[in-house]
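What follows is a set of structures for review.
Next come two complexes built around chain A: one with chain B, the other with chain C.
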Partner chain A sequence: MKAILHLIEHDFRNFFRYKWWLAGLISMNLADLLIMAVVYNQMLSPEIAEQIKSYFSFFAPGVTVVGLFASAFMIGREINMEVRRQIHHYMLSLPITRLELALGRLLAGGLRGMMYMTPLLLTTFLIIGFPSLPQLFIILGALFLLATGISGVSIATAVSITSFEKFITARGLIYYVLFFCSSIFYPLSLIQTLGQEGIMPQPLVVLAELNPLSNGADLIRAFLLGNPAFTFDMIRNLVVFSAIFVTAATIAYMKIIERK
Partner chain B sequence: MKKTRKLLLVIERDLRRFIQFKFLIILRTIWFAAQVAFFGLIASRMVVPELADIYFEFYVAGVVIMMLYSASVFIGYDIFEEAEHGVFEYLLSLPVSRKELVLGRSIGGGIRSFILVGPIIAITLFIIGLANPLNLLVALSALFLFAFGVSGMSITIAVTLKSGDRFDIFMGALSAFIIRLSTTMYPQAFVQDANQAYAAFSQFNPVTYASDLFRWGTGIERYLTMSPMPLAPIIGIVIFFFIFTFVGVTFYEKRLEGGGWQ
Partner chain C sequence: MAIIQTIDLTKRFKDLVAVDKLSLSIDEGEIFGLLGPNGAGKTTTVLMLSTVIKPTKGTAIVGDYDIRKNPDDVRKLIGICFQEPKLMWVSTPWDVLNWHAKVCGLSTRERKRRVKQVLEHVNMWDHRRKRIHGLSGGMKKRVEVAKILIQRPKIAFIDEPTSQIDVVGKHKIWNMIRELRDEGSTIILATNELFEADVLSDRVGIMHKGKMLVCDTPKTLKDSILGGDIVEVQLEKEVTKNVLDELKGFKEVVEVVVVKSDDLRIHLNKVEKVVPQIMNLFLNERLPISSIRMSEPSLDDVFVHYTGLTIEEAEQKSKSR
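Then we have the complex of A and B:
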């Protein structure tokens, strides 16, 4: 446990070295919330306005999840750099087991995401309202699962693709598909309607429904806005997502760092 | 003639370098596809009925301008990479004047962003359709100036800050706000309804001029308050181009000398 804590500390120290990147991400998130969401508020159709009340309130949980995703995904960039520059040899020389090493990096990635997301979540609470204590624990637990799962996706991608350019391209593909094919920017019902009309291919509709970012954002909305209704499927999807990618990333990380 | 040749050599070098960034081109293409196929399509179902039937085309045209802007800004990052690797000192030692160097890079940056966005414009025209080829020609000419202006702005900011970190954060924040406080994603009338201060900024934003001109060129004019010949946006873009390409080049010529890159 102590070894894992050391690794988390190491990754947190690295995280604060990226202060410029973090400032850029914060300004992007704030611009989305304070400008884009405010203007879209004026553009909502009566049916959607009835469903989500205000786009600003609807989007605040979405931007929280976007921030969580981007910051939790950052661990992959560092690990990809370590693999390319062979810094992982130094990591292997430390008196830490491979499993501890993998779990420590995974947890650090997730916790960094949680830390970055906290001010955004607090802003969301200030805008929409505060949840009850049990709801708050469920939200934090679900977001931690989401953050750890994202950290897992990021690490699994980073160790599978050693070329930096290819990693950046893969990251872009994952970002855009998960961001836009989700309920971050628009209600899931709109994607489902497009699917029923045959405009959106059915696999993409299923992806949007199972997308962990949709589940994370909708879970916060369920408790704060009451729409969509809370279902245990949201938690189940996040647990499955997190379990798959934590396992995959742990195995991949342990195997890749030992490769000659 | 000799000066023109030197200028062309600087432009050619930047174009050759750009081909090396194939992953950037792939990434931007994926971004465009995601914006159009997901956001454009789904958001058009979310907006008020009077905007719903045209919003998809409106948004696609806006995405083209976002892409043109971000591709034109890229030249600044290129300069930082060169400064980091000591290539900048080599460039300064060449028998090319500072003016030719910055002007050439500004034009090269503009042309290469057009090379990137060219196929995307073709796809967009296929989606939106083309009402008046002459209007499109006028709009594309203005967009050329816009791309040169943005490249010039990126170079000017890069040589002013002389710090990769500061440039990164400044351009990130500037891009985030300049894009959102423009009509790339929404018509000016809705920005006006949302916030007067946003509307005031959006009205005099070069990105708004570029978006409105491109929409005018493709025939999506319903949500634009433009006369048959959109003089104000054209003048706005020409001023923007002159400020950052010529005044900026002259003013920051001296900043290229010496060290100080962090």
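Then we have the complex of A and C:
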């Protein structure tokens, strides 16, 4: 346990050393909310406007989840850099078990995502309204599952791909697929309608429905906006996502990294 | 008593056998020099013994633990100073060392004391808050060496400790390695600097192409070269046949070369033992000596003797492996 705490401390310290990168990321997220959302609000069709009321309110939970994703994914970039510069040899030589090492890095990635997301979530609460205490706990718990799952995706990718160029390409693909095939920018109901009309390919509709980012954003909307309605499927999908990628990343980190 | 015992330790990277059936025993409390050119398999051996990478075949007992079966227990005994400093570029020396000491289980008080003491010792105190990416190669190396000096592990693996470090710094680090040994650590020193291995090591193992060629004390290795010691004698008069015959009669003398009639080069073993007898011979034969010069073989000569190559030539061959 002590070793895991040391690793979390290590990764938190490194996270806050990239303060300009973080400032840039926060600026981008706020620009998304304060510029894009305001403009898009004026572009809504009457049917969608009827459904979501305000794009600004609709998008605020989406931006929160985008911020969580980008910051939790950052641990993968650092681990990939460690592998390329063989700094991972140092980590592997420390008096820490491989399981502690893997879990420490995973948790650190997830917790960094939670920490970065906190001001964005508070902004969302200020814009839309505050949830009840039980709802707040469910939101935080669900977002923690999402953050550790994302941390798992990034670590599994980082240790499987040593080349920086390939890692950046893989990261880009994961970002774009998960961002744009989700309910972050548009309501899931609209994607499903487009799927029924044959405009959107069915596999993409299924991906958007199962996408953990959709589930995370819609869970916040469910409690703050009442639309879409809360379902336990949201929690279940996040638990499954987190379990799969935490396991995958742990195995990848413990097994693959020793061969590099 | 052996603290490290390797049994047919082998590491293969695709077609390259980096370490080939290494069987080696290292005693507790000694400085063991693992000597060889770049690419000889020294670093791979260190990485296997420290459980960073897994052997392809064979195993090793480090402390009382098998590196394959109990790697977590092995890591509690060891510390490594890597050849290339393993430091995150955005960190500072203070943070790197403080965190390292914390992970190695030092109490807050002891940690702060040792980090300060070692940073001052390696002349890095004034640079402790600078980012790693702003430090010179030598400074980064000093931070890397500082890690192990703070940790004081039971078994310390030190890989090329003085590469990129200036002459004054080298002597300082050599003294610190000796102090570490005196405080109870067993030290495995991987180096391609023959002089460094000679001055520091209690025993030396010479590696070449993944194999251990020979292993003993530096003195025994040097003495193992027949006729490796050379005595050059300049006489004031011409040497006589009788003296030459008597010289050849010493069992330690391998060859007597008459460069000129008054200038001899004697190839022999155990120079320190035979020279007084040679001096007596010249005095008894009334042959005054105008100058005498003695030279012992170095570990370079030992390396050449066992491989047929200089260390530079061996490095070139390793690159093309």
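Everything that follows uses one rule, which is that the second predicted complex is superposed on the first by the 259 of 260 C-alpha atoms of A that agree within 3 Å, B and C clash if a C-alpha of one lies under 4 Å from a C-alpha of the other, contacts with A are read in each partner's own complex, and residues count from 1 in each chain.
Rule of thumb we're sticking to: a residue touches a chain if its C-beta (ideal position, glycine included) is under 8 Å from a C-beta of that chain, and two chains touch if they have at least 3 such contacts.
What you see is a predicted model, and the numbers here were worked out from it, not measured in a lab.
Student: State whether chain B and chain C clash or fit side by side on chain A once the two structures are superposed.
Tutor: fit
Student: In the overlay, answer first, second, both or neither for which of chain B and chain C A:258 touches.
Tutor: second
Student: Which holds for A:6: it touches chain B only (first), chain C only (second), both, or neither?
Tutor: second
Student: Would you sort A:236 into first (chain B), second (chain C), both or neither based on which partner it touches?
Tutor: neither
Student: Please name the chain, chain B or chain C, that touches the greater number of residues in chain A.
Tutor: Of the two chains, more chain A residues are contacted by B.
Student: Classify the contacts of A:94 with the two partner chains as first (chain B alone), second (chain C alone), both, or neither.
Tutor: It touches chain C, and chain B stays clear.
Student: Kindly classify A:17 by the partners it touches after superposition: chain B alone (first), chain C alone (second), both, or neither?
Tutor: Second partner only, chain C.
Student: With chain A at the apex, figure out the C-alpha centre angle toward chain B and chain C and round it to a multiple of 10 degrees.
Tutor: In the superposed model, the angle at chain A is 90 degrees.
Student: Can you report the least C-alpha distance between chain B and chain C in the superposed arrangement, rounded to whole Å?
Tutor: Once the two complexes are overlaid, chain B and chain C approach no closer than 10 Å between C-alpha atoms.
Student: Considering only the contact definition stated at the top, list the common interface residues of chain A for chain B and chain C.
Tutor: none
Student: Flag every residue of chain C that touches chain A in the complex, lowest number first.
Tutor: The touching residues are 47, 50-54, 71-72, 75-76, 78-80, 82, 84, 86-88, 90-91, 95, 99, 102-105.
Student: Inside the complex, what are the residues of chain B that reach chain A?
Tutor: That would be residues 23, 26-27, 30-31, 34-35, 37-39, 41-43, 45-49, 51-52, 165-166, 168-169, 172-173, 176-177, 180-181, 185-186, 190-191, 193-195, 198 of chain B.
Student: Across the complex, what residues on chain A touch chain B?
Tutor: These residues of chain A touch chain B: 20-21, 23-25, 27-28, 30-32, 35-36, 38-46, 48, 165-166, 168-169, 172-173, 176-177, 179-181, 185-187, 190-191, 193-194, 199-200.
Student: Could you please specify the touching residues of chain A with respect to chain C in the complex?
Tutor: Going by the criterion above, the answer is residues 3, 6, 9-10, 13-14, 17-18, 78, 82, 85-87, 89-90, 92-98, 258-259.
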